[in-house]
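Multiple structures are listed underneath, in structure tokens.
One chain, chain A, appears in both complexes that follow, with chain B as partner in the first and chain C in the second.
Right, the complex of A and B next:
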């Protein structure tokens, strides 16, 4: 469904004296995402995960490389076709608050993609919006508010509701559940798993939480410094992580229970 | 140990309809201890932290009760007095890194301004102090970062910069609201070690987190919030091993995602 070949994204940074450095935010990344499958991406902070997400949802253009959707080259598509394709490709951005328009009410934020891509009557629209709110465990009274009048986790769920509203074929979730309490998180993850099954869609789940990554998919990619350093298919346990960086991540997992040793800086053993 | 922060019967109401968001909560923070706050999304954790920082708009919210810092009620202090304390003696790491920075100002300038508002350092000294502190956060390319605008940095980079700014002036109280949510586990572990280290130096921290791993690693005491109230409060060991309330048990049970249930 989505093919990425030798994708690059470079940014130029300057220090105070004007000396330039090139940042290879995405550095020769290739992969195929198939229809009706779920993928997880974990990696170092600043390794290019969000940049990669913006490239494949064509929010940003790559410096070099090719992106194909169902064998069609993305860079050759007209603006009009790209806009139509938007309905099939949704993204939940990492920063909940700044991806919602502060001027418009939550109701309209959620209804917006529906208005763009599905022609619904006012009543249908209303019941669809309310149904989405219930699905992501939010009280309807929030519909009248603006984004900054919601808690962090409530904003995140509004973004999820928006993304799933138009039944897209492909959704990128960038740290979409990281501000949610664990009970709500589990409900939302299970909802997403169920929806994916029903709609036979594909997910790319970007998360720093390895448990979440493994819960959502058994295809896990690990990213570091712009590159995918390891791709594991059919992950069963932590033993399947082979790359040195992946192993180090597993070793750095926080403890499952409080224990004195962990609080001392020099002790770094994982106690399960 | 000595309490540095004592919150008594704190309530936060919306002026518009007098609906009560935070309901009569009391807790205290000891010097050299880390207090973990966990709880339902939307239960009032962030508003409580913002009330301590006097960041809530008084036209919008009614705040009742008292928040004593080393004995003095922050809620009764005049503007000038409070400005001397906030940022310097009490600092907060905000939940939304992107919106917490001024989008029009380079990171270096924001850091220099924060440092100079509370010290007598020159611009240059403040700049180098900022660079030195940023390096402790496992950030690479610090001189380029200082020269960058916020939107050109990743979510986790911004979080680390904000943590660094909060620690920079060695305050006596640090409030961290979901401060490590976008960090890979290795970087998170480095930051949490840093929290444990500054705790040793006698600073009190409030760590709000949904991540039980984070709480297990740093918290001494934990309060659990639900629907605006504190429903349970005890030592971190008690919370994990002997939770009293149904909701706390429910949280503990859903924290581990059981992999067999996966539908992948």
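Right, the complex of A and C next:
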């Protein structure tokens, strides 16, 4: 459904002497995403994940390469058609609070994509927004509030509601759960899994946590400095990763057992 | 925000001063005892009396009535000028910052050219070319000042434009026009109000200054600046002739400045 062919994004950076150097934020990336499947993209900070997300949703234009949705080239679309096409590919961004307009009530924030893509009657719109609030498990009284009055998890849910409101074929989650604490994160992830079953849309889940990526899908790509270094389908365990960089990512996961306890006892003894 | 203004002493003092001047300007015909233009050589330099509350000037005109009508001139010129300025600078500044790229470069070049000339020189040459008249002085001030405000607007829009919720609303299918009108402008409006409300005092002083120099407003008009100018000749014999209009200018300008700066403190307490 979504085909990305040899995608490049270059930034030009000037150093102190005015010398220009080209930085490849995204370097020759190709992949295909099929309908109703979920994918994960893992990479450390600065590996070009977010740039890739912006390129796919065509917020930024690629330097080279092609993005096709259902065999239609995005770069050949006029601005207006592209805007209407956006109903098919939505994105949920990293920071819940800053991706909601601070002056607008939650109701209007959720209704915004509906107003742009689907011309609904006022009553229909209201029932649709309430339905969406139920889907993302938020109480209806939040509709009259403004973004800063909500908790981080609630803001994230509002963003998710915005993205799913137009029944997109494909949603990009750009670091969608980073910045949430562990229990909230688990709940949001479970909500996303549940929603995917209902919506039958594809997910591209961009994250820096390899365990979150494993939880969300079993098609995992690993990205490093702009390139995709490993692409594995149907991952079952950490042992499936072959590339040295992926192994290093797994190694860097925080250990499950506390290892400092022994030392603290020692210190306590000394004090006593 | 209104509640905060109500609680802030500085803002209230400024607001009360502005309202006093506004009240005087609106009800000038009722408040003024005499016709401000009525020349009566018999009453030249008359001292304070019930008929002439603040005495009379060198042509026997009632100083008090002239001051009252002067409020009309000051506000009647500076407020419309400000509105025209705001309209021009908001539209040009927003468009230039939002479109970016070459359009923004061209705007920057043009604005640098305009900013290279001090407003006084521009106004002097324009009034010289267009001739006297209130309309001409307004046009000249707008022509010389719009760049300064447009640059401020531009920087506000640039700051707002790169926030995540703008990208989010683009993904939600908003057109550029809708993003500007329903997201960017409402969000920068408080800062703009502050900027323009402190600007109005400057404009008022500027216009009074020009009429002091004999530019724009015909000689002998009941305008504070030109009253100052004509009272100058009698500085030693009748200092009150220049003290009273001076106090009026000070009072009005201080009112607007107090209010504007208090507004700034209310809206952006962190930046102070």
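We adopt the following convention: the second predicted complex is superposed on the first by the 234 of 272 C-alpha atoms of A that agree within 3 Å, B and C clash if a C-alpha of one lies under 4 Å from a C-alpha of the other, contacts with A are read in each partner's own complex, and residues count from 1 in each chain.
Here, a residue touches a chain if its C-beta (ideal position, glycine included) is under 8 Å from a C-beta of that chain, and two chains touch if they have at least 3 such contacts.
Owing to the predicted nature of the structure, the values given are computational and were not obtained by experimental measurement.
Once the shared chain is lined up, is A:210 touching chain B (first), chain C (second), both, or neither of them?
So A:210 only meets chain B here.
For A:159, select first, second, both or neither according to whether it touches chain B, chain C, the two together, or no partner.
The answer is second: A:159 touches chain C but not chain B.
Check the residue A:202 against both partner chains and state whether it touches chain B (first), chain C (second), both, or neither.
In the superposition, A:202 touches no partner, neither chain B nor chain C.
More residues of chain A are touched by which chain, chain B or chain C?
B
A:95 contacts which: chain B (first), chain C (second), both, neither?
Both: A:95 reaches chain B and chain C.
First (chain B), second (chain C), both or neither: which does A:57 touch?
The second partner, chain C, only.
Going by the contact rule set out at the top, does A:117 touch chain B (first), chain C (second), both, or neither?
Touch partner of A:117: chain C, not chain B.
A:87 in the overlay: touching chain B, chain C, both, or neither? Say first, second, both or neither.
The second partner, chain C, only.
Which of the two partners, first being chain B and second being chain C, lies in contact with A:221: first, second, both, or neither?
Touch partners of A:221: none, neither chain B nor chain C.
Once the structures are superposed on A, label A:15 by its partner contacts, choosing first (chain B), second (chain C), both or neither.
First partner only.
Can you list the residues of chain A that touch chain B in one structure and chain C in the other?
In the superposed arrangement, which is not itself an observed complex, chain A uses residues 94-95, 98 for both chain B and chain C.
Flag every residue of chain B that touches chain A in the complex, lowest number first.
Those residues of chain B that touch chain A are 38-42, 45-46, 95-99, 108, 140-141, 143-144, 146-148, 152-157, 159-160, 178, 181-189, 192-193, 196-197, 210-219, 236-237, 240-241, 250-251, 254-257, 259, 261-264.
Which stretch or stretches of chain C touch chain A in the complex?
Per the touch definition, chain C meets chain A at residues 163-165, 167-175, 178, 183, 186-187.
Touching residues of chain A toward chain C in the complex: what are they?
Going through chain A, the ones touching chain C are 54, 57, 59, 83-84, 86-87, 90-91, 93-95, 98-103, 112-113, 116-117, 159, 162-163, 166.
Any idea which chain A residues touch chain B in the complex?
Residues in contact with chain B: 11, 13-16, 21, 23, 38, 42-46, 50, 94-98, 150-154, 157, 175, 178-186, 189, 193-194, 196-197, 208-212, 214-218, 248-249, 252-259, 262-265, 268.
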